[in-house]
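What follows are several structures.
Next come two complexes, and both contain chain A; in the first it sits with chain B, in the second with chain C.
The block that comes next holds the complex of A and B.
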C-alpha cells in the first residue's frame, strides 16, 4: 500500500473521530431534555422518577463520560438504544438504512445521467446559446434547497398532475415497480440540486480538455468529432470531475434528511428528524455520525478511485 | 504527376472582436513533389505552424482560412467536411507535433493510440491493429516494442514519445507528413536520431514531408528544398544547396548569419538579426522586412515585392526588390 493511501485513510479516520466529537457536542448543546420530552410534562412526576430515568439512560454521568460510553459502545458494535422505544439503535438503523442508500444512489445516478450529456452539449460551444441556457438553469437549480425542490415537484407531479404518489414507500423487495414509482420524485428533487454542480464542474473541465494538444492529435489522426469529444476529451475531463461526484454524494446524503421527511420515506433522514424532535440523542447522534461517515467514506473511495484510474498517479503511488 | 501538396494563395486570419481580422498567413503558395522533403523555416510567429494547421484543417477559432486553396494530390481539402475530412486526416496526410509531451492522450496506452489511428482508416480488428502498432513501433526504432506498446505516455522519454507520434502518423501510410518542429522539445542527440529516422522513412516509404523548423541546421540535413517565411509570407524558396550557398533574400541571409558557426572563434559575438519580428496586424507597409533590412531603400517602404523567379533559369523564387542587385547597393 502506498504512502498516499495510508495517509488518506488515516486522515479519514481522524476526521471521523473529530466528527463524532462535534456531533456529540452540538447535540448536547441543543435546548431540551429527552427525559422531559419522554414524560410529556414534569407536572405530577416526582423528581425521583426523573432521576431514575436519567440514571437508566446514563444521562446523570458527565458529558465526557457519556461521550466515551457512546464511542466505546460503537467500537464494540453496540450502537445503544433509543431513549423512547427501547429499540436498539442498530435495529432502527437497520430498518431504515436501505431506503436511504437506495435514494442516495438513485439520486446521484440520476444527477450524473442528467449532468454528463448536458455538460458535453454546453462545452461543445462555450458561450453559445445552449451553454448560456445551461448556465442559467444550473444557477437556478443550485439556488434551490433540496426540500424546496421536493415540495415543488410534489405540487406539480402528484398534486396537480397526479402522476406519482406524494408520500410513502414500498420496499424494493416487495414490489419493484411501486418502489420505483415512489422513488422518482424524491430522487428527482435531490438530483435537481446535485446535477447543476456536476454540470458546472464537468463543463469547465471539458472545455479545458478540448483545448489540449492530445485532442488536436486525435482530430489530426482522423477521429470524428463525436469520437474526439467522447473518447478523448470526456475521459480526461471525467477524472477530475469524479471528485465533485464524491462531494455531491455527501450533499445528497445531507439533502436526503429533509427530502425523506417531505416525502415520508422511512429512511435514516426521517429517523434523524423524528429523533431530533424528541431529543432522542442516542438515536440522533448515531444516525448523524453514520451519515457523516458515509460522506467521509465516499470521498475517500472516490479519491482513491480517481487516483487509481489515472495512470500518471497510479505509477507514482506504485513507486512511492 | 500531380504534386503531393499544392498550396495556392493560402491566407489565414485571426478573427478579432467586432469583425476585425488580422492576417497571420498571407497569400502563401508552394508545392511539394511526391516523396520530396521541403523545409519551412522562419522565426517564431512567422506563420509556419499555422500554414501546416491550415493544411490539416486543424485551425481553431479565432483562426480560420480566409482564402486560397489546399490540394492534396487532386483533392481539395478546403471543400471537405465531417467524415470526408476525417478520412483524409491521418489517412492521406498526417502531422507530427511540436510537443510530444502534451500531444499524446495521457489516459490511453501508446499502443492503443497507434491502433486507434490504424482502425480509423482500415477495417481491421483490435488484435490485428495492435499487432500492426507493435510493428510500427519496431519500424520507428523502439526497443522492446511489445512492452512499450503497453506503456502510458508519461512512462516514456520525450524522444520515445516523438517516435510514438511518428509511428501513429505512419499508421495509415500517408502520402504527406507534416512535421511541426518535431525535434524542438528534445535534447540534441535525440534530435539527430529523430531527423535521421524521418529521412529514412521518407526514403523507404516515399512519403512527401514538410519540415517546419527554425533550426537551419536541421533543415539543411533534412530537406531538398527550403521555403523561408517572414511575417506570414513566403519570402524565398530555393533548393537547399542554392539557398545556403547564395541566399537571395536579405532575411534568409540574416537567418544564415544568425546561425551559430562553431568553426569561428568563441569570442566573436553570435550575430543576431536586429529588431523584433513584427506583430501581425502591425506590419510595415511595402516589404514587411524593411525596418530590419540593412539594404532597404525608399522603394522597399512603399511597394511590396512579389515572390518571383529572380532569373528564368533558376528554380528559386524570391520576394525582394534587390534580389539580384543587392551586391551593388551594398557597396555603392
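The block that comes next holds the complex of A and C.
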C-alpha cells in the first residue's frame, strides 16, 4: 500500500513537471513577441524602450533560465507579473480562482446528485423502457459540448422565461442569493454534460453488482428490494464509479473554460482565454499549469481514496 | 351468431416483423445524409450564403428562407449548409492528422517497449493533462486561423489520445498467434506494422476516428466561438453559433440552427463509435 502511494505520488509529480516543461516550451516556441504585442507596434518605439521592457520582464535571459525563474518563483509563491496589466499574476489568479472552484464543485455535485438516482432507476430493470429512455437521453447529453448546452439553457431560462441572469457574477461573500442565481445556469450546463458520463458508468457497475452472490444472499435473508439495491449493491457500485468522478472533474475543469466565457464569469477559464487572446504568456502559462495541477491532483486523490475505501483494489499490483 | 374477432394487431404485427435496421445503420445513415447535404450545398441552397439583404434582416422561418435570415439578411439555411463544409473539412483534416501521427506514435511505443515506450507514453500523458482548448487557442493565435492551421493544430492535439488507443490495441494484437507466427517466420518491422498490425486494428482505430471527429468538431466550434476560428464573412458552424449567440435577444433561432447541426453530428458520431466499438468487441470475444 505505502509503496503504491509513493509511486503514485511520484508519477503525479513527474507528470506535473513534464506538463510545465511542455507548456513553457510551446509558449516560447510560438512566433509572436509579447513585448512587441504590448507596445502595439515597433514603429516609433526606440530599441532602448523595447530592451528595457524585455529586461524588466526577464525576457532577455536564456530560455532555460526563464523556465527556472518561473518554476522557482512558483515554488516560492511568486507567480510573476502580467506582461500587460500592472497586476501580479498571483493577484489576477487570486481574484478569479474562487469562481472557478465554486463553479466546478457545484457542477460536479449537481452532476452526481442527478446521476445517482437516475442510474439506480435505470439499473433496476436493464433493458426496460426506463433504462432505454435513460440511455437515449444520456447519449444525447454526452453529445453536448458544455458551451452549446449553455446556449440552450440561456435561450430557455434567460431569453424566453427571463428567470435567471444571462451574464455576470456576484461573489459568494457579497450576496449569497444573487451568487446562487448566477451560478445555476453555468453549473447546470456543465452538469448536463457530466452527469450522463456518471450515469453510464454507475449503471454498468450497478447491473454487475446486482448479479453478485451477496445480493442473492441479502434477498434470501428477506431484505426488501430497496434495501438490497441501496444498501448492498449501490455501495459496492459507487466505489468503482468514483474513479470516473476524477475524470469528470478534469472534464468539467476543461469545459468550464468556455462556459465561464459564455456567461461572463470572472474565473480562471475566462482569464486563460483573455490572456491567450492577448498573448500574455506570463499569465497564461501559470493559469494553464494551475488547471493541469488541479486535474492531476484530483486524479491522484480519487485514485488513492478509492484504494483506501475499496480493499478489493489493493490486491492489484502497483502499476496495474 | 358470434363472429370471430378480426385480429386487430395485424398492421402493428406486420410493422414489428419488418427487419429492424441496426442502430449503427441508422446513425451512419444520418451522418451520410448530413455529409451529402453539406457537400451538395450549391444544389440544395437557393441563396448565396454571403449575399446580404438588409431589408429582410432577422426574418423568421418561411418557405423562402427555411431557417430565416441573420442580422444582415443572409439566408441562414444556406449559411448552415455552407458552414458545414468548412466544419467537416476541418474535422476531417484533423482526423487524418491525428490518425497518422497517433498511430505511428502508439505503434512505435508498442513495438519498441522499454524506455522508448515509457517516454512516448509519459509525454502523451503530460499532453493529455493540458486543457486542449487553451493549447489550441495559443497555437491558433500565433499561427493564424486558416482552415489548414485549424485542421493541423486540432489534429496534433488529438494525437496523444489516439496514440494511447493505438498502443493498447497493438499490444493486444501482438499477443495473438498470427503475430507470433509472423515474427517467427522473420517478417520485417515494416511488414509487421503495415501488413499485420494495421489491418487487424483498423476497426478499433475507426472507433477512435469517430471519437476524434466529434472532439475535433467541439474544438473547432470552441475556437470559432471565441473568435479564433473561421473568419467572417465565411462561417463554420462554430462561427455561426458565435454570431447567433451575439443576437440571442433579437432572434434566438439564429443560434439554435447551428447548435442543432453541431449537436446532431456529434451525437451520431458518438453512437457510431459506440456501436462500432461494441461490435468489434463482440467479434473478439
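Annotations for the structure displayed:
The rule is short, and it goes like this: the second predicted complex is superposed on the first by the 306 of 320 C-alpha atoms of A that agree within 3 Å, B and C clash if a C-alpha of one lies under 4 Å from a C-alpha of the other, contacts with A are read in each partner's own complex, and residues count from 1 in each chain.
Methods note: a contact is a pair of C-beta atoms (placed from the backbone, for glycine too) under 8 Å apart; a residue touches a chain by one contact, two chains touch by 3 or more.
Only a predicted model underlies this, so the values are computations on that prediction, with no experimental measurement involved.
With both complexes brought onto chain A, simultaneous placement of chain B and chain C is permitted, the two fitting side by side without a clash.
Of the two partner chains placed by the overlay, neither chain B nor chain C lies in contact with A:113.
Within the superposed three-chain model, A:301 lies out of touch with both chain B and chain C [touch as defined at top].
Taking chain A as the reference, the larger set of touched residues comes from C, when chain B and chain C are compared.
Legend: residue contacts after superposition of the two complexes on their common chain; A:261 is shown touching chain C, with no touch to chain B.
Of the two partner chains, chain C is the only one touched by A:148; chain B is not. In the superposition on chain A, A:10 makes contact with neither chain B nor chain C. When the two complexes are overlaid on their common chain A, residue A:25 makes contact with neither chain B nor chain C. Using the contact criterion defined above for the overlaid structures, shared-chain residue A:65 touches neither chain B nor chain C, since it reaches no partner. By the touch criterion defined above, A:253 lies against chain C but remains apart from chain B after alignment on the C-alpha atoms of chain A. The superposed arrangement places chain B and chain C with a least CA-CA distance of 12 Å. The interface of chain A with chain B does not overlap its interface with chain C at any residue. Those residues of chain A lying in contact with chain C across their complex are 14-15, 18-19, 21-23, 26-27, 30-32, 139-140, 142-145, 147-148, 151-152, 154-155, 158-160, 166, 253-254, 257-258, 261-262, 272-273, 276-277, 279, 284, 287-288, 291-292, 295-296. Remark: chain A residues 212-214, 216-225, 232, 235-236, 239, 310-312, 315 touch chain B in the complex. Interface of chain B with chain A (complex): residues 56, 58, 60, 82-83, 86-91, 94-95, 97, 99, 102-107, 116-117, 120-121, 152, 154-155, 165, 168-169, 171-172.
Taken together, the chain C residues at the contact with chain A in this complex read 122-123, 125-127, 129-135, 137-139, 141-143, 214, 218, 221-222, 225-228, 241, 244-245, 248-249, 252, 255-256, 259, 262-263, 266-267, 270-271, 274.
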